[in-house]
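Letters A, B, C and D mark the chains in the order given here, with residues in each chain numbered from 1 onward.
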Amino acid sequence: YGKNTIKFLRLHKEGKKHFVKEVEVCTHLRLTSAQEYLDGNNSLVIPTDTMKNIVLVLAKKNGIPTLEQFAMDICKHFMTTFCQVAYVKTYVQEVPWQRLHENGVAHVHSFICVPDGIRFCEAEQCRNGPLVVFAGIKDLKLMKTTQSGFEGFYKNEHTTLPERNDRILCGELFCKWSYGECSDFDFDCIWTKVRECILEAFSGPPDCGEYSPSYQKTVNRIQMCILSKVSQVQVIEVILNNTFYNVVDMKNLGLTNDKEVLVPVEAPYGSCACTLARKKFLEA
Amino acid sequence: YGKNTIKFLRLHKEGKKHFVKEVEVCTHLRLTSAQEYLDGNNSLVIPTDTMKNIVLVLAKKNGIPTLEQFAMDICKHFMTTFCQVAYVKTYVQEVPWQRLHENGVAHVHSFICVPDGIRFCEAEQCRNGPLVVFAGIKDLKLMKTTQSGFEGFYKNEHTTLPERNDRILCGELFCKWSYGECSDFDFDCIWTKVRECILEAFSGPPDCGEYSPSYQKTVNRIQMCILSKVSQVQVIEVILNNTFYNVVDMKNLGLTNDKEVLVPVEAPYGSCACTLARKKFLEA
Amino acid sequence: YGKNTIKFLRLHKEGKKHFVKEVEVCTHLRLTSAQEYLDGNNSLVIPTDTMKNIVLVLAKKNGIPTLEQFAMDICKHFMTTFCQVAYVKTYVQEVPWQRLHENGVAHVHSFICVPDGIRFCEAEQCRNGPLVVFAGIKDLKLMKTTQSGFEGFYKNEHTTLPERNDRILCGELFCKWSYGECSDFDFDCIWTKVRECILEAFSGPPDCGEYSPSYQKTVNRIQMCILSKVSQVQVIEVILNNTFYNVVDMKNLGLTNDKEVLVPVEAPYGSCACTLARKKFLEA
Amino acid sequence: YGKNTIKFLRLHKEGKKHFVKEVEVCTHLRLTSAQEYLDGNNSLVIPTDTMKNIVLVLAKKNGIPTLEQFAMDICKHFMTTFCQVAYVKTYVQEVPWQRLHENGVAHVHSFICVPDGIRFCEAEQCRNGPLVVFAGIKDLKLMKTTQSGFEGFYKNEHTTLPERNDRILCGELFCKWSYGECSDFDFDCIWTKVRECILEAFSGPPDCGEYSPSYQKTVNRIQMCILSKVSQVQVIEVILNNTFYNVVDMKNLGLTNDKEVLVPVEAPYGSCACTLARKKFLEA
């Protein structure tokens, strides 16, 4: 049980310069007891309202240096304060405020919301177990208008999809990675690096791109890029929900449509998910 | 990988009387191969477009006798037709069309959408494993305006919640149960029976209700009621996301508000989840 | 300016029997002044927070006998209390709680949310003008699986739609009507009557239905039915947003699909809106 | 009547460089006839399916040089092609794809979705009337963490809001402007200029900001800035839906919260709308 979508803004000031971190926190506990379910005995139950208070108090006291550090702070607090807690999990998601700029000059206290990929993290711990930290990005929508195809697939009597070597690849990405034995990482820097890997592996070189023979291969390319360039990432899960773009058939309207007008097919949509781990991580 | 939200309507006619079943299907596969990820070799990949075709063809050929039967049909088809499939999972959700009635007379072909709890089911199978079937209800919003409290809970310096013995209990329910070794069940009848159990266990006797000392106890009461009254259910998971209603303090407006005007607090919201299984099922 | 989505629940008790009315209120004002915009002089500005307080206080004092009466109470309060108010408008929308029944017996304090058409109303008044009241229903989703067609329409080189005399008609209805010079109406009773008219005019007789040659004609039939059967309605606006259902072409899958499997096309969707008034109302 | 959310992507290539414009179009007509409503005679009705075809054909033939030009093209086509059309209105909204950059280098065919304010436009025409064009931006979320207050407002017994001279101002902006007698404007350039005016008027100078005594004054400042700097804008409507941020009272948790931790109040929310026109425009 727990408290979901605890929303708040942490404001930090350095002179006239303001820094904001607006987040949404979900914190869940599993207790060692069962009497609250069986007998309605609440004596060990930490109210979800108290959980909310604790999250706000920790934000006030420690600030939010990084989402990950804040999620770890919360888990540690519950584990060390309440001996009836058997397991704690905390999810933190960021509202994507960016500092406004006027003619290249950063504004001291004005911000704009730019939701081009939402940053989140998760920390969890079992009593007597390690504190595990995950980070991720979601709702990241990308498109490439060529250098994508799908050919040579398995066919039978239910196959009507034609082979294509030049289609639009458009999808919404969800990536979540584990830091394994988490130490003193620069989480902000790593997150930015992972995001760059995703954009690079998805799109290829700026002057020509790189051919994607399938969603599967693109997912794998993203994962391989992250694992090779970001050593702190131990396991990486990627989900690509893709929107297909149909070239409109204009023959009966007397026109030849050479991939100029396309219609997105939002339902049904394809989905491709894969989790990849380092070998040394699997062996451990 | 798979295809999500394959939406369609299956129309069935008996003379002038029409029957509709509109559903949303998600079908996911895991293949035995990895070459599509590693090498971009698609030769074993069943396109998600083919998956969609298969779902529609099965609906056309077999109809949708029950959601559960249809989900099983789909799983069986993939397992028996494609030897490269290692695992298949199918989720089916129903659009809640109800036959219209005029002055008590059922209309032959007119329907109204009544979303008071959405029915869904899931079937999954690993190669050489059993076909497992789940059913469920979601988005079921219930409220009781008394016979609910929360007292005697754990308190420390972060506790500000007062004890209450007469509060509003309002929540959105998600229930999902497993049929264990599934045989020839009357899935429609069981589903209706489970729904009745939920309403009954949530609200208590119509003339006086039954006191709920916590969300945890209410969740448990629902589970116990289902396990005792519906023998086909082996494991039952319940999630209760509750909206708290705050009695508005009107003192500074010169009024005494005796639980007459309350304001819903939609974020943050509490959440309570529990999974309960029959003993014999756990031993098996 | 104003306050939107003021959500609250009004609880009323008669002995052990509880009655709930949960609503969402939006109240907007226009002041006679402009100095708050031009000079930042707020001396006549009624804070939106005060507006919220007033709505809650009126709910506490008067209860919500009907949505319409409550909306009128709010408008009257602002007009009579604040001489700087030039115009006031209040919108009230209901959360569709229905009393639970167990084996036909009504529960004294348990409710279920059944969103099969949302009831709303609006009241507005200009200083020295009449208090005008509107009522309505929205998000009402209806479907008829036959007795609908579309033929004989205008054709040119951009027409590709085939004529059809047996299609599915499925749409979401929005209806809003004006009560003209509003007196002491039984608003609950009228609302129920209008809803029945909509269902009846949409679907036709229960044993055979009634043929709809177009969305336009169905909209008109609904309006004519309401105007003829509900004398208090002076003007009636109807918007029908329709979802088209495509019969899936299964020829290339080796099957004949006789309107058995259909796919909803949710975007783009057609929309048909019409406002109809009584003659005497137009003359007035 | 008409067709809503006609979604499509227009792809344009210059050598290896690709340009995308993904839009959502709504087109509505009013006919000179009434027989389709009264008699079900469809002979003058242009099917909404034909309307969709026309929009796609125009996109194919003319491309989408600017949203505004495209909306005008659609209106002109309906007015000149169909003499039964009495009125036509077209709304076009853009999916905010931005070209990807890698280390400062623009990618030839990869894009990312960045929804920081959605661009839209509208064109409408009555038979024998002028073609009127509007443009706008919506869903633009801005925040300033200081230089905002609300004091000296009207008070009575229902006022509980304290005066504040340092609060957070956070809101979602909707702006829509009219171009009056529209000629050969550079619509892309003007739209960018208006957006800059909004950001500048909302936030003030980057090093210190500018004090906002109310939402009303901020709305007016935005309007005055646009009217003074963008001569083509004749009428400007601005709606500011603001989210209030509550400083969490931590006294009972033993802490002093100096505007460090704040909780957003998303419902109810305040709304402030104002339409301002040039004097010469009003005289015309």
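Structural remarks
The rule is simple: contacts are C-beta pairs under 8 Å (C-beta built on N, C-alpha and C of every residue); 3 or more make two chains touch, one makes a residue touch a chain.
Just so you know, these numbers come straight off a predicted model, no measurement behind them.
Identification of common neighbours of chain C and chain D yields A, B. Centroid distances built from C-alpha atoms place C farthest away from chain A. Comparing chain pairs A-C and B-C, the larger number of C-beta contacts belongs to B-C. Between the Cα centres of chain A and chain C there is a gap of 39 Å. Distance between chain centres (mean CA atoms), chain B to chain C: 29 Å.
Counting partner chains per residue, chain A shows two or more touched chains at residues 7, 53, 57, 158, 160, 253, 267. Put simply, chain A touches chain C in their complex at residues 157-158, 160, 252-254, 266-267. Interface residues of chain D, counted against chain C in their complex, comprise 1-7, 28, 36-50, 52-54, 57, 81-82, 84, 150-156, 158-161, 213-217, 219-220, 241, 267-274.
On chain D, the positions that touch chain A within their shared complex are 7-12, 16, 18, 20, 22, 53, 56-57, 59-61, 97, 100-102, 105-116, 140-147, 168, 199-200, 202-209, 245, 248, 250, 253, 255, 257, 259-264, 266.
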